[in-house]
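Chain lettering (A, B, C, D, E and F) follows the sequence in which the chains are written, and residue indices restart at 1 in each chain.
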Amino acid sequence: MTELVRADGRAADQLRPITIERGWSSHAEGSALISFGGTKVLCTASFTNGVPRWLVGKGKGWITAEYAMLPRATNSRNDRESVKGKIGGRTHEISRLIGRALRAVVDTKALGENTIVIDCDVLQADGGTRTAAITGAYVALADAIEWGRAKKFIGQKATPLLDSVAAVSVGIVDGEPLLDLAYVEDVRAETDMNVVVTGRGLFVEVQGTAEGAPFDKRELDALLELGVNGCAALRGHQLAALEPVASE
Amino acid sequence: MTELVRADGRAADQLRPITIERGWSSHAEGSALISFGGTKVLCTASFTNGVPRWLVGKGKGWITAEYAMLPRATNSRNDRESVKGKIGGRTHEISRLIGRALRAVVDTKALGENTIVIDCDVLQADGGTRTAAITGAYVALADAIEWGRAKKFIGQKATPLLDSVAAVSVGIVDGEPLLDLAYVEDVRAETDMNVVVTGRGLFVEVQGTAEGAPFDKRELDALLELGVNGCAALRGHQLAALEPVASE
Amino acid sequence: MTELVRADGRAADQLRPITIERGWSSHAEGSALISFGGTKVLCTASFTNGVPRWLVGKGKGWITAEYAMLPRATNSRNDRESVKGKIGGRTHEISRLIGRALRAVVDTKALGENTIVIDCDVLQADGGTRTAAITGAYVALADAIEWGRAKKFIGQKATPLLDSVAAVSVGIVDGEPLLDLAYVEDVRAETDMNVVVTGRGLFVEVQGTAEGAPFDKRELDALLELGVNGCAALRGHQLAALEPVASE
Amino acid sequence: MTELVRADGRAADQLRPITIERGWSSHAEGSALISFGGTKVLCTASFTNGVPRWLVGKGKGWITAEYAMLPRATNSRNDRESVKGKIGGRTHEISRLIGRALRAVVDTKALGENTIVIDCDVLQADGGTRTAAITGAYVALADAIEWGRAKKFIGQKATPLLDSVAAVSVGIVDGEPLLDLAYVEDVRAETDMNVVVTGRGLFVEVQGTAEGAPFDKRELDALLELGVNGCAALRGHQLAALEPVASE
Amino acid sequence: MTELVRADGRAADQLRPITIERGWSSHAEGSALISFGGTKVLCTASFTNGVPRWLVGKGKGWITAEYAMLPRATNSRNDRESVKGKIGGRTHEISRLIGRALRAVVDTKALGENTIVIDCDVLQADGGTRTAAITGAYVALADAIEWGRAKKFIGQKATPLLDSVAAVSVGIVDGEPLLDLAYVEDVRAETDMNVVVTGRGLFVEVQGTAEGAPFDKRELDALLELGVNGCAALRGHQLAALEPVASE
Amino acid sequence: MTELVRADGRAADQLRPITIERGWSSHAEGSALISFGGTKVLCTASFTNGVPRWLVGKGKGWITAEYAMLPRATNSRNDRESVKGKIGGRTHEISRLIGRALRAVVDTKALGENTIVIDCDVLQADGGTRTAAITGAYVALADAIEWGRAKKFIGQKATPLLDSVAAVSVGIVDGEPLLDLAYVEDVRAETDMNVVVTGRGLFVEVQGTAEGAPFDKRELDALLELGVNGCAALRGHQLAALEPVASE
């Protein structure tokens, strides 16, 4: 797409190295340690029978997510939210985004009256933590659903997963649309966008923000295209990570 | 745009009745009681000299916003966040959105080392509270900046306001893209989007969420067009409300 | 009573202009936007079936109240209690006062096992916010009880309201007893008293505090007389606001 | 005054047995363990140089108070406010009352830029804890002021204490006005009043509440007379407790 | 054991004067005001039927403890934890220690489905508050169990108390092992240890911490010996305080 | 020492497999991902210039620690302390233990006015998390001190580290003293002890608790011997992990 050489030598439309260590946790019903370059997020999915009180008896399941960052995941240490006694706005916002993204690809009726809690803990941050979290959380979720099926908490013919979902950040840096911003790029971006896309290429969430100058429709379209393509590539990584399950 | 008749008889691309009572508060440096149909938001702008500690000595001002809802603004009563002792994720998220939207049209250097705190309190809610808040907050902000200039806290030649900003919700209901959703429409929307647009027609924020089915690029484009046009109409209301200032 | 001319030209025993916009809120079962001069309080009454757990099965209803102030209701901005994460002593104290005042004129047995929550939110403050809150809350309460009767949650022959209730502040400024203190008078008062009186002229609450010098019995009596008369005048405003109901 | 025999055999206008153990704490600059019958309150006064930030440089001192109850001070155990993570409305209200009562008899200019924090901890409760707290706190305060004078933090000729202050509860039980209500009387009272009176017999605070039926002026007057006389008797106990100081 | 003369003239292996005022509280089912020299702790035991939800139906009782300090128990005033809105680490740690110590000598099956909450409130602190708390709490606990037996909430043949328990601090000051450190000794101690011992001389808890230099096995043994002997002496005080019960 | 075969086949005096990934974090000044069998703890050391206010100007540094657990580190999910809004007693207690253990081997004068914050986050728990945390934290601390020296924040001749420190759990299971308890052993232990020992073999902390029956001196001695030997073996792992530094 462009000749620009990025700090780490990537092309404008190139993802950072992606790794997904599926099953990292020996306790959780599903888990993945995902890395987008220097960003490392541990995603676990905890399966429990039953649903929150407001859902009881409706024949539906529930999926919720919590996002957090270790205090020294970043370049300088941040105080723990548990010590401050309250959760910051950014944390809340990202937790809600992850939950919405996953619920968008789940048929909660097919899930039955079961709850899956997704925890995304950023062990190391280098930009794009929320998009790595969503992408890894999908892998953990898929395994937790398989676990529920194996335990017969989910009907054998039920297919709670309607599609896969992945997310990536895109942004305009020095007038150039770039895929999967690292932290040094993110702080310089004029416009920053997170795109959540299903395996079929449909949008679940589009969140674009002018950090510097407002942006026009042409720029928006360029970013969306980059994002859709990036999510398609991430879907490949997800499928590869989940492959052994497919063969079972 | 469409033949669909909405609950309140509006056309698909029509705003609800918009009123802006500028200067509602006798204490605040700027204020507006804005209504988008049954949604009523009191926006005040509080001007103070000085900036938060982390900005001191950088020759820049600061703009921040807080959003809240009265407990009985909605159809059934919600517990107060002050009583619960913590602010919910939704409140945090909207407060951050309002702050970003306003900062996007302010030259903080021209503002000088002054802080403007915007409070948006929803007195009555009927859908679109965050977009009404942004639209009304701009009016309060403009007056607070004029106040600062009159008091010589802001240089006489400085023009901290780079542009105006307004916001509106759009969404797809029964397959139809609609402008400025009332609550009964909002709960039925398959896709819900908030669009924040400057007076010049550039995007400051685009937040689209698939509440039901994921959406495609064509739907996204239709929503964006509705939103840009709606914000242009809201800009007319803002200009009318602020007119006396222009004549001073 | 006296020749003294007050800042706003009132006589010592004269109320500020009183307005009561009954039914301001389209959602609440009862509501009133009341103003005592520059003091504006939005009072809503939320009716729900059932009572708190500790009252279940006793055949009685419950009435409780919460008072709060918007951050820029006052001359300089106050931090939100929701942001501070705790409710201040003054807020608690006034909430409790409002609840007691209303319960004093309600026969909770006649109310049946229903709960009415009163919210008094100060939109603008200029002295006497707690007394305006009680006076407006009575109007909201009366409508909520009518609503409950119309919905048959309250027996058709039951008369939960035993009397009306209103409140007013009185104080000694420069040795002179004054009725309904505005903020500029309140800060100068040597003695400050809030008087809550029923429509029949009986006391529900008397709270007098020496802010400057302690006071004697003669001064106390003068203040009480002013307060009783002020509440009688406020009762007239309440009756006028509620008139249409009486005619239904 | 009356023939009524109370649960503990007292006359209607008789205080419970009053004891004041001055200097109970070996650490505090002033302290008193006061009992009004079964109500026992440990009052300490902590003297420190300097004042809160908002008072610095105004040449005035500051007096503040905090009231609390041990969890098993009452007949059944209450959860600790530290465990609940917030202070209840009643605690706040009483702390504020005690602080106002003491400030009313102190010339804060004569105190110099010093702060005295009064802690009133109820070790055992049997009605009237707030009035016992005020009465005991005065003794602790007097000693802390003497301590400050001895240490030359307060000028040798300064007389920060303008008067003494004491408090007592009064109430109407079965139509009869009674002095110094014990818990069993308090719960049956139709009207409950706390009266704070200076040594010279002037009112600092009058807080009367109709718990049952509203009350009239005649009842109010009877309660005030009982309260003034009760406080005069309490002043005698305070003087006796402080006597050694007078002789120094 | 040693010639060293301590600040208060005690021998190295000598306790401070110990007093136990059993039944100090008229409300609690068991209580003791214990003093170890200048350290005074009010211990109450509150007996209630039933157990926490997680224990229901297991045929076992529950014992838990809370420790706290009055703000002016110490030489300079500490802010209240209720005002700070959270409980400090030290408070939590000591509460947990007291609970474990008491549970170690109770047969919770014999207790039946009853809960005893122990409150240990430090009225005055001079070192060793947690050990005084445990020692006094045992007395309060023993009486609460007797109360439960008298009320038939505990079976007449059940013996929930398996043994007594006491605690004492020991430490190395200037190279010398000392028993029952007063505050001035505690701050100078190189090693500080709390020992909780049953009436039969067995260990329930051993917590040794190098405050200055790390310590070796020989020093550890010397401290343990001192502690075991100190607890034996404390057991004598407990038995004496409880004597009337034994005779019933 | 014994013939007993443990669940994982270890001898009674054998550690689980120990791994230390030094430098796991790319941001922290020192870090180690340590595992004791299935227990995995990420330890980071954050170096900053300056000290807390209460230490300023005393020529000393400060070391503090915070311990936390990811919600799904355990077999069933625990709520986040940040969500609950308060830190539990266990977390506080362990954080304080880790801080004390590290400070015991640091000469804070040699550290200069610098602060090192240690974060120990349990990614997966299988018993002994606090002892793994201390053992790994020492490695992170050593590297952070080297970093401070390289940056000249610490004097070139200063030797802040006086010794190394490691920790291990020991306990009596079925009457048998065992080293380094896994979770399944820990829940069955009659006595549980954590031992913190320096490289020279001296005790920094000994915390023994009777979970079931109280223990005697002979059992205590057996546990201490196991613990001292276990810590000596852990010291070997620490030295191996830190080796490259030694060779620089």
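One rule holds for everything that comes next: a contact is a pair of C-beta atoms (placed from the backbone, for glycine too) under 8 Å apart; a residue touches a chain by one contact, two chains touch by 3 or more.
The model shown is predicted, which means the values in this text are computed figures rather than measured ones.
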Third chains touching both chain D and chain A: none
Rounded Å distance between chain C and chain F, as computed from the means of their C-alpha atoms: 60
Length of the line joining the C-alpha centres of chain B and chain D, rounded to whole Å: 51
Interchain centroid distance [CA atoms averaged], chain D/chain E, Å: 33
Residue numbers of chain B (touch at least two other chains): 85-87
Successive chains along the ring, chain B then chain C then the rest: B, C, D, E, F, A
Interfacial residue positions of chain A with respect to chain F in the complex: 25-28, 31, 38, 42, 44, 46, 48, 66, 68, 70-77, 80-87, 91, 117, 119, 121, 123-124
Touching residues (chain side chain E, partner chain F) in the complex: 86-90, 92-93, 95-96, 100, 104, 163, 193, 198, 200, 202-210, 213-217, 220, 224
